[in-house]
């Protein structure tokens, strides 16, 4: 990293007490992101990526226990009092949730949900806020923005709603935008549009962005760096082109292989990853991926691999990485 | 303004006091019900006094060894009246909802299962019935048929039909779409079979829970009517009429009103507790207080 | 929106008609020949016959129902033979009392129930929450007449702060008038607040778990705004139903409370009419009350549409 990190997640773990025992949703995660950079966090459902985003925002469930530090713009968010934290949220730190049907309040107009954020953080008066809202809606590509202000979320299509959510997130010029599965709830045809919109806005505002997704295809070409998560831990991290060309973790390889390829021959079977994600309440002794890994050896089942360097900014956690040509293992 | 900690909890809406086990409150309530029912049944055997014998020399007597709870304004033994009143309140309280659950329950299940015009008619007529101030309805019919325990039970039973119909219909609606009903129909089961074998056993438990709540409500309504002198005809004692009569003596002897009041409160509370616990067991969503 | 209202109105008509029919039937089936009752001890067979023909009592029941209905639709609800008042006059005389009682009771009930519900929802699961829900549950088992006795004993007998019974018109003495209403309104409110609190609390707990509340928090909005604007509005539907239904019920005059506290409201009017077999009053008032209830439900439905725009636009 050349520039000082805007966001630095240091040794963050999230524990959730459940009736069946302690659930470690996030396990010792370290991440850094510089201003203007895009980080992609990829993983299957249940790998802890959403919990991680909640941990960064300090919006964890009441019972959750967070350990570690989250440094944002020089402040440790885990130590910050409620009121300064509230001022940060929505302003310097913004989020777009997965399903805009449920993340927008159904009984409030689009306009009021936009305006309230502007009035809260930028202290605009009503008419200025209104004007700004119209500009924002236009900027995210919503036609007839003035009419939209008095409409309700259910009157818009899914793609439109997500654009509104993005407009709300961008309204106060955040330094960091966290997009949690922004396209998962949308039609495939709309997905690319939304992702392009996010990328465009990010470049324009020189904003840092974290895209959380289960789809490696989403992060290809749209992110500067990718972190792959499995069972609550980061198992590989690299700049995007490096990850795709020189991946080390078998899991990353399997994820990439599981993406259906449009130019594959007809009836090519989809190479799914066999097995299921591990039960987080029953952590196993060895590498979490070992039960499903086709390269697994005996030592994989005994110990958890730590993150090691493969090159500048490239880390992985595996005893028997793939593409291990001239580099020594572990 | 103090920062309210509106936490986002992963816990779902669950009854905060009770888990799926039956707590101590449930057993206390059930115990009280058993106690009062037994006391009412064996009142005649246990008591030394009759509830209607007046002893004008011992009016409003304080509790003593002769009269364990004292006497009322006409010299009648309070304990005897209390237990005989329990009989009446419990008889009306338990029998009236039976009418509701059988007729209302049947109508509800049928309406929920067959849908269509039958359902519209049933629901519509229940709506009409519900539009009437129930007390006025009860009073008008008592004026027609005369005041008696039997008549009172019938009227209160009829007034309860719409509520049971609603519960049964709601339960049936949610069940009728489920797989086991569709499967039964696919196997060629007749309507009667589906109604009796598949739906009824599953609708029964919510209905039973509602029945207990209905007992509580009926005891209250009967009490209110008797309180006004318009329910159970005197001199038969009822908790309501005892409270009504006790009202005259509030200044001198408040216990005459409060003893039956507390007894009635405990009984109604117990039925409510047991009924609500059962409801929480059958439908945890609705069980949250 | 117009469609929505129109459809509901269409459903209203048959219900109101059925209500009127049922009212008429009940009143007609009451025992005691009306003519005898009116003439009292002046009754002779000829006079009774003459009066019956006069009042149309010798006509078949369906004729009588239709003619009564016809009169009602023209605004003529009939005239009490006891007092000579028209039904409308009698009702209008008593309405302010019942109305004042209902409004005061509902206000107190909401003033207690709503803040408690919000406070409990925010602290769901805490000791405070459990205590309040337990108390609410206990209160549900205390019927109105019991609370009335208790309140009378406390405030009228022991402390002598308030009158136990009686009514003073507002014009005569505003303070005295309000004093007369405190105990009866409190009695009713004690019966109302648990239901209100329970329902709102449960809805708010569910709402507070929705994604849009998390979103509102993520936007850094003030907690008060999140609670009262984002959370309260979607949670109020059931509350509105309950309040509407309560008001609808109370329109009938809280019979018991009016009787205990000797307030000359609609409830007492009904009981009086029942005793004196004043069928005209009985019929007319019951019809008005029942219709009032039905109309109240209708208004509640409309309010729904205002609160939840999804219902307005036909999808919920």
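All chains are identified by letter, namely A, B and C, in their written order; residue positions are counted from 1 within each chain.
Rule of thumb we're sticking to: a residue touches a chain if its C-beta (ideal position, glycine included) is under 8 Å from a C-beta of that chain, and two chains touch if they have at least 3 such contacts.
Remember, predicted model here, so these are calculated numbers, not experimental data.
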Is the number of contacting C-beta pairs greater for B-C or for A-C? B-C
Chain whose average C-alpha position is farthest from subunit B's own: A
Chain centre separation (subunit A, subunit B; CA means) in Å: 55
Any idea how many Å lie between the Cα centroids of subunit B and subunit C? 22
Whole-Å gap separating subunit A and subunit C, where each centre is the average of the chain's CA atoms: 54
At least two partner chains per residue is the criterion; list those residues in subunit A. 59, 86
Tell me, which residues of subunit B touch at least two other chains? 3, 5, 8-9, 11
Residues of subunit C that contact two or more other chains, please. 214, 217, 222-223
Residue set of subunit C touching subunit B in the complex reads 14-15, 18-19, 22-23, 26-27, 29-31, 122, 124-125, 129-130, 133-134, 136-138, 140-146, 149-150, 152-153, 157, 198, 202, 205-206, 208-209, 213-214, 217, 222-224, 226-227, 231, 249, 252-253, 255-256, 259, 270-271, 274, 282, 286, 289-291, 293-294
So, in the complex, the side of subunit A touching subunit C is made of residues 57, 59, 86-91, 94-95, 97, 99, 102-108, 116-117, 120-121, 152, 154-155, 165, 168
Spell out the residues on subunit B that touch subunit C in their complex, using ranges where they run on. 1, 3-6, 8-9, 11-13, 16-17, 124-125, 127-129, 131-133, 135-137, 139-141, 143-144, 216, 220, 223-224, 227-228, 240, 243, 246-247, 250-251, 254, 257-258, 261, 264-265, 268-269, 272-273, 276, 288-289
Okay, in this complex, where on subunit C does subunit A touch? 210-212, 214-223, 225, 229-230, 233-234, 307-310, 313, 315
